[in-house]
Amino acid sequence: MIVIIKQNVADEKIENLKEHLTQYFHVSISEVKGEHTTILGLIGDTAAINPDLIASNEIVESVKRVQEPFKSSNRKFHPDDTVIDICGRKIGAKDFQVIAGPCSVESEEQIIEVAQRVKAAGATMLRGGAFKPRTSPYSFQGLRAEGIEYLLEAKKATGLPIVTEIMSLAHLDLFQDVDVIQVGARNMQNFELLKALGHCNKPILLKRGLANTIEELLMSAEYIMAGGNSNVILCERGIRTFETMTRNTLDISAVPVLKRISHLPVVVDPSHGTGVVWLVEPMAKAAIAAGADGVIIEAHNNPAKALSDGAQSLNLDQFDDVMKTIKRQVEFEGKSL
Amino acid sequence: MIVIIKQNVADEKIENLKEHLTQYFHVSISEVKGEHTTILGLIGDTAAINPDLIASNEIVESVKRVQEPFKSSNRKFHPDDTVIDICGRKIGAKDFQVIAGPCSVESEEQIIEVAQRVKAAGATMLRGGAFKPRTSPYSFQGLRAEGIEYLLEAKKATGLPIVTEIMSLAHLDLFQDVDVIQVGARNMQNFELLKALGHCNKPILLKRGLANTIEELLMSAEYIMAGGNSNVILCERGIRTFETMTRNTLDISAVPVLKRISHLPVVVDPSHGTGVVWLVEPMAKAAIAAGADGVIIEAHNNPAKALSDGAQSLNLDQFDDVMKTIKRQVEFEGKSL
Amino acid sequence: MIVIIKQNVADEKIENLKEHLTQYFHVSISEVKGEHTTILGLIGDTAAINPDLIASNEIVESVKRVQEPFKSSNRKFHPDDTVIDICGRKIGAKDFQVIAGPCSVESEEQIIEVAQRVKAAGATMLRGGAFKPRTSPYSFQGLRAEGIEYLLEAKKATGLPIVTEIMSLAHLDLFQDVDVIQVGARNMQNFELLKALGHCNKPILLKRGLANTIEELLMSAEYIMAGGNSNVILCERGIRTFETMTRNTLDISAVPVLKRISHLPVVVDPSHGTGVVWLVEPMAKAAIAAGADGVIIEAHNNPAKALSDGAQSLNLDQFDDVMKTIKRQVEFEGKSL
Amino acid sequence: MIVIIKQNVADEKIENLKEHLTQYFHVSISEVKGEHTTILGLIGDTAAINPDLIASNEIVESVKRVQEPFKSSNRKFHPDDTVIDICGRKIGAKDFQVIAGPCSVESEEQIIEVAQRVKAAGATMLRGGAFKPRTSPYSFQGLRAEGIEYLLEAKKATGLPIVTEIMSLAHLDLFQDVDVIQVGARNMQNFELLKALGHCNKPILLKRGLANTIEELLMSAEYIMAGGNSNVILCERGIRTFETMTRNTLDISAVPVLKRISHLPVVVDPSHGTGVVWLVEPMAKAAIAAGADGVIIEAHNNPAKALSDGAQSLNLDQFDDVMKTIKRQVEFEGKSL
């Protein structure tokens, strides 16, 4: 960590600060004296130091981190790709997964029909929302516990592992038989939830928040990993920008950045990431080309009557076509689906 | 709600859509036929209709809302300012409040000292974090239950009502004696939490999320109000933009916008909104000039040793000075503090 | 265009507005009367109407466009892909181009060496900055007229068409022998420059501004096309967001959006779009997978000594490798390079 | 400037880099060796060094600036407020100015009427667009040279100094009698234009670009000041964010930031900054409370028929009212108007 001192500060004050830092943070200090500026280099374990605390000192101009604040998810300390096993299906390194299904579970018949069709098309896991985070309290909130039961029926019927979103710690017991627990974008910094998920041993699909940096995504992964659960799958699903033609701006560059600085698998959600049905295919292709380990795609038996997010859902025939493209692209990348 | 049909669509398809909309959403339809474009106006209660469902129809170009989706918080249906009573102190209309205190409660002595000093300076409520949402799991997470006890001691010592953040439904019982429950920016769309807070009768300070629109802030207020709790105080605390000189960009224009479209009181947090101690005073002034009903300000007995967010905390002498400015400005606006 | 009237407005005022609109804008009007809301549909040529003018009327709640404001670049009126010929090389439809070269032209030897090497690797056009838009007046500003001469020498030596940026109308004469004139992101809304380029018959590479929407990019293309020059190549080069790990956020979704709503060729600049050398390859791949018609890539004989933008420049050996990947990917997409 | 070396780099490579930096940039180097990380401090005149050049070296992790890159506009080297004289009216320090007028000059009668009315209300300078930067080539582009003539007539009639926007170097001769030349947001980084304005001795009103940081605004001021013209007035006019209720997000915090780090006068444009007529008054108040040296406000004799930007223009009666508020607020701040 580097501490930049304001110009023309008396040496005595700098000495006081050095003493304070040494005692308070158990670091050693190396000093660089320029003509106008003095810089202190803090040496030791600085990951737990809050730079703001030092920045608030009256003689400090600014504080800059050198070490990355994420550890467990950092590729520097774990050079090999993490591969996560989900009911025998692997994700990470050379193994690719396609997670597909409707935004919301609407009925047992619906979810089983969709599961059978997406499986036939080549999807390897089933997604479906039981608990739905909706901007408006007046919108459909999901079938909740009942939705999870229907997902489990669809798993029984097809063998597809299921992925579904948790919205509250209070529902954790209901997720006992769920294969992958999804943390949605709006809960990416629901730290109490993340801590609890660190103590269960299930794979967690952690979605990037709309206004969260790549580093913050990894820090949220740290919350889960610090509890002992290292089965974290990162998910890019679009960030909020000024552009209005797409619902969000899908940050494809986050894929190679995450793959380089972290060892965790990365999936991309082109459905929520764009909010536009005809962008799902090209953006899924782009994600695979950029190095993603999987995609998560909305497909619905009747999007025009879906109880949520119809605009971005493929119908099942469209999904068949997109799946053909995905298979070719994954093969081209030398990965196995 | 307005449905714009794609160009050159066969009349029969449009008729089918009209029939579908009438049956499915119980609305009546008025049609505008242009040379190239047909537009359908949906008349009736369209607030609960998800525009995306209609937009996913293959003949639909786009769908535009006419009615605002927020109801309980909407000034159209409640023209008078809501005034909320907190232990005899009022906020809203002509009544202004100053909420001050440290980012984190660190000890009983600390919080009592700060409470006494900010009260002496003129603050009317005490804030302090017991549960702390921190980006890193390796940072101080707050004193939690113990922190709330110390806040209650500080209330006993000074009479100041206390404001503190809830991070999980699971902790709700601990907030029984808290006067105002704060929902932090990261939990603005933790809908399960909002629903639960709708069923308690305490004032809720609802902070705007970093990437949330003004409309989304009101929709989150709806979640609380829909449950029966209409004591919602809205809080602008900065949005995330590309600018890096300030931690966030404090959206002062949100104040007059919210005051115009909603009847709820609005407070501004210039400490978190800027992240810079010397910006607290000018931005508090700007907030008051723009019509805010209160400000919430970080003040600490020793910011350089604070366990969180030192960089934006005023020390107690600085707070005395800022408070003088605030008093003058509130008086100039014809409000009472 | 749709005009939404405020609630509970007297019929007489609505009639006055209708009369005013009919006279002032030469449109006919269709009216939709709801329980609370009245909506006016304006029928006729509304593309030239500024919605703000109508929105400023006291009885108007809001105004919404139905027709897209771009015409010449709109695929609706020109369904086939535009293919542009540059010295016999084609871009658009099935023809792909790779434009490569250094950020700045630094000397005759340098630009010729780079031109020979990128040509050998498979690049089809040469880029190089003669006039350089630099944030700081204290940074290297380019060799200017001299730089263009060196580019022309490099063209003579290699046969590669040259692409270089114009920063001012005053320099237009110097661009007589340039093959493609680039308009940089900072000049995307330099409308006087765009107008002038509409009157020359050279291909224009128009880069999207850092804070400009896709629609605004097309409106700037309209400026050029309205003057009679329809040889416009659109370029996505990253937008400004809150993310700091990449210099900009390369909006890959802009590629399929632009290809769908416009017939113009689209190229992507992964070098400026990310600002990070190791992101150039994966993002070039993503761009091609998403449907781009070309890429523009920085390559330098000695990036560590480059006079500008070293951090994002490939060295020539790295460019060889990236070029191999690009060739495979372009072939996979069924395009010819 | 601080150079952070990657982990576990051989000492020899670090020595090579140090030698290279010393020779190439004429700096001396101080080294900080941590357990995992080595840091080099570059001492000397580093303002002209492009950090990217150093960052592109293969052993460099990152490079961080210590010195601010702006000099002439920096308060560190010019502690006193700059006060600019415009035909005897002063702006800066304790002197406040109100610039008012229509978005576009539409006719001689119109601009004279508006000038007389805004003068009577208390405005001290007249604004009006002759050259208009419009997103669409199909929109009204301004009266151009004729518009400047009408502005000069309005000056003759009222004595108000005139402020109007330049869009191209080619028009500079037409601005000979203009009192303040405005550089619009879209031209903030039209560096060739800025350089030319550095060689004229007129006050320049430099508007912040929609996606430009505060530092970039100051760097553009540097372009003008480096040419010898130090009469630069900075203008905050809103930045582009995800919020849609306002056209832009007016960054009020930019005012106190600019006032602290620069000595130049700062004005705020609440009309363009919000795009909403009823936000002009509260945001003008907020700007003054935050320390602005002036405001620039759109006022029109008939906004509903304005040829541009009607939605944000006050009519002249509204301007009278807003002006009363502004006068009270300026007086409260102890400034003179």
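Chains here go by letter, A, B, C and D, matching the order in which they are written, and residues are numbered from 1 within each.
Operating definition for what follows: contacts are C-beta pairs under 8 Å (C-beta built on N, C-alpha and C of every residue); 3 or more make two chains touch, one makes a residue touch a chain.
Everything numeric here is computed off the predicted structure, so don't read it as measured data.
The chains touching subunit B as well as subunit C are A, D. Between the interfaces A-D and A-C, more contacting C-beta pairs are found at A-C. Chain centres computed from CA atoms place B at the largest separation from subunit C. Rounded to whole angstrom, the centroid-to-centroid distance between subunit C and subunit D, based on C-alpha atoms, equals 26 Å. The geometric centre of subunit A is 31 Å away from that of subunit C, both derived from CA atoms.
We define each chain's centre as the mean of its Cα atoms; on that basis subunit A and subunit D are separated by 38 Å. Counting only residues that touch two or more partner chains, subunit C has 211, 239-242, 244.
Put simply, subunit B touches subunit C in their complex at residues 2, 4, 7, 30, 32-37, 39, 41, 43-44, 61, 64, 66-67, 76, 240-242, 244. Subunit D makes touch with subunit B in their complex at residues 211, 213-215, 239, 241-246, 249-257, 260, 273-274, 278-279, 282-283, 285-291, 329, 332.
Interface residues of subunit C facing subunit D in the complex, by the touch rule stated above, are 20, 24, 47-48, 50, 52-57, 69, 71, 131, 133-141, 167-171, 186-187, 189-193, 195, 209-211, 216, 219, 222-223, 226, 239-240, 275, 277, 303-313.
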